[in-house]
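Sending over a structure as structure tokens; questions will come in a sec.
The letters A, B, C and D name the chains in turn, as written, and every chain counts its residues from 1.
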Amino acid sequence: MIALLRRDLALAIRAGGGFGLGLAFFLILCILVPFGVGPDSGTLAKIAPGILWVGALLACLLSLDRIFQLDFEDGTLDLLATAPLPLEAVATTKALAHWITTGLPLTLAAAPLGQLLNLPAAAMPALVLGLALGTPALSVIGTFGAALTVGLKRGGLLISLLVLPLYMPTLLFGADAARRGAEGLETTTPLLLMTGISAASLALLPFATAAALRMNLR
Amino acid sequence: MIPDLGKYQDTVLSAYGISLLLLAAIIGLSIWRARAVKRQLDATEARTNKRQ
Amino acid sequence: MEFSAQNLACRRGDAVVLSEVTFAVSQGEALILRGPNGSGKTTLLRCLAGLTPAVSGSLSFSPDDVAYAAHADGLKAQLTVAETLRFWAQVFGTRRIEAALDAFDLRGLMERRTQTLSAGQKRRLSLARLILTGRTLWALDEPTVSLDTSAVAQFAAAVRTHLAGGGAAIIATHIDLGLRDAATLDIGQFRATQSVAHDPFLDEALS
Amino acid sequence: MSIWKYANPTQFMRTSAWLLPGLSVLAALCVATGLVWGFFFTPDDFRQGSTVKIIYLHVPSALMAINAWLMMLVASLIWLIRRHHVSALAAKAAAPVGLVMTVIALATGAIWGEPMWGTYWAWDPRLTSFLILFLFYLGYIALWQAIETQDTAADLTSVLCLVGSVFALLSRYAVNFWNQGLHQGTSVPVATGERSVADVFFVPLVFSMVGFGLLFVALVLLRTRTEIRSRRLHALLARERAADTRVAPNTPPSESPTS
């Protein structure tokens, strides 16, 4: 497992632009929104948590089809499937690698980039905590979507359609927690519910992902 | 014959209109596809039976 | 220990391609699969490797004994030769990669990135991986594609040492590898008679 | 052999052949009675006026939108466990019908809400969860189209349906959390059984609900038969192609690996 994780991270850094892709997209978003919505800090502050959450979601969606597609095309996936490593472990490791290159940098960058959107200070903790707890679910669910569409020609678009509804609970709870944080309300309940979803996804989805991979390699 | 629907006349009619249109669409599409596939299947079977 | 299959049926996509496949390979022996393209050599090898479950029939060994090598090399362009071999060594739990390096004379290329290697060198690297798997049965699909004569000789030597060490090999290839007592098996004879025989949709009564 | 004998294509085709006409007529009758009775012969509601008549479309279609997904879930499970082709094809056949039911529920819900909410779309939690269900249907149908090998398509869509159902349920409650909601109470809460709808409105509602249910079953039977015939068509064409390649002199084994 560690070998696969180290290999994926090394590959991400050397070829796939590594941490940069998600961050670049996030930066672009945080710059474009004020241009589009206008500099009035009142409206910006109100929509900042939601925009940051949607940005994190879209950044994840962007990099999903690369999770298995590259390994499928050069034959590595076949070799991994016949290796002693169970496919469930491969799925979890791939999700972790995706989170480290996409989810983690976004969580860390959310607060500083939030300043561009006049993110109210009160919303900061709930937003960052929410992203920290929510983005792993986005990666695990995304890996499941990637496994469903590995080997398909125009898989990228299809993944977004398949994964979007699966992202809804995490997005709804995460954005809600961030908005409550901004208004100074209690945020523990949405955060706890979202963590529950993340934990359940992390525990159960790799089995569905492995099953989907086996079906696709058949 | 249309009952007096009061000021919500167009609301109710549009709801019924759209729904019946959608129902007709799915029913029509299903029947049309059923016939098309049946025609193709019969043609292919005629051809393959002739070849055996 | 003998690796055998009894009336195996294998499918490719929706269609059953092979039926009643029966063969046996004992340790120290090699079996060469012959047959025109599309006759199902790859399908059979993927079935033995456990990638596609057999439609029917039985195997006397489990996929965990099989080291599979497909057409595609399965190499990452940005990794160096050493990193690739070390990765597969860790995955298969073997410690030292020297045996693989020497078998295909890759010592000189250790720090070279795979993308800078020639097709023949890449092929030798992907075959070197087999030695790291430590698995007894090698299932190889057209291994000598893009190899020059000296590389083919190297590959044949590696197979011989594997067989001498108590291993077995099933190789789909068109060229003569010079393995002395290798049996051959013509896949054409196992072509499934009605190629979609098991498809319930072909029931005569159903029309 | 219990009901599984209905799952093999030949038996299913024979049984559905005599079932379909009767069922379609019955469905048409029930839907017609429910809608005509509800539309022409029920009084206006004192608060909502005549818009209450939309209930005869909104409630049945919403109910069927959810039941369609449940039926697909059961069919997917049957496919994964017993590998019966008919149940996989029934799930594939039901998806578009479920999609249309969801769209009808969304459209009628939005139109019905417009006079009270002032806008067509007020992000009401229940309507929003139907919007999410709509996305699930779209993804499911798109996945079926995207994969050539039918058996792999059946496998993958079944897994998507299982995972999707869990997340659909989660979304249903996440949406409530996210917005209190303007939707009126459940008119026919299946769980508790008591109803907030006066008798005079209730009987036609039952008719149209039964009607929509029968219509759904009839459509699924029809579409499943078409899917079976389409699979048979492709199988015949595949066999024809295979026969042709065997007859034609097979090409000399070239070095390029294509088997």
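Following the convention adopted for this analysis, a residue touches a chain if its C-beta (ideal position, glycine included) is under 8 Å from a C-beta of that chain, and two chains touch if they have at least 3 such contacts.
Computed from a predicted model, the values in this text were never measured in an experiment.
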### Longest centre-to-centre distance from subunit B, chain (CA-based)
C
### Task
Count the C-beta pairs in contact for every pair of chains, then give the pair with the highest total.
B-D
### Query
Using mean CA coordinates as chain centres, what's the subunit A-subunit C distance in Å?
37
### Query
Counting in whole Å, what is the centre-to-centre distance of subunit A and subunit D, each centre being its mean C-alpha position?
31
### Message
As a quick test, compute the distance in whole Å between the mean CA positions of subunit B and subunit D.
### Response
15
### Task
Give, as an integer number of Å, the spacing between the C-alpha centres of subunit B and subunit A.
41
### Task
Can you tell me which residues of subunit C touch two or more of the remaining chains?
71, 207
### Summary
Two or more other chains are touched by the subunit D residues 152, 232, 236, 239
#### Entry: Residues of subunit B engaged with two or more neighbouring chains
41, 45
### Task
Write out the stretch or stretches of subunit D touching subunit C in their complex.
8-10, 13, 85, 148-152, 228, 231-232, 234-236, 238-239, 242, 245, 250-259
### List of subunit A residues in touch with subunit C within their complex
2-4, 7, 10-11, 14-15, 73-76, 78-85, 217-218
### subunit D residues within the subunit B interface of the complex
35, 39-40, 44, 48-51, 53-54, 57-58, 61, 96-97, 100, 103-104, 107-108, 111-112, 114-115, 215, 219, 222-223, 225-226, 229-230, 232-233, 236-237, 239-240
### Contact set on subunit C toward subunit A in their complex
46, 49-53, 63-64, 66-79, 83, 87-88, 90-93, 129
### Parts of subunit D lying in touch with subunit A, wherever the complex brings them together
132, 135-136, 138-139, 142-143, 146-147, 152, 155-156, 159-160, 162-164, 167-168, 170-171, 174-175, 177-178
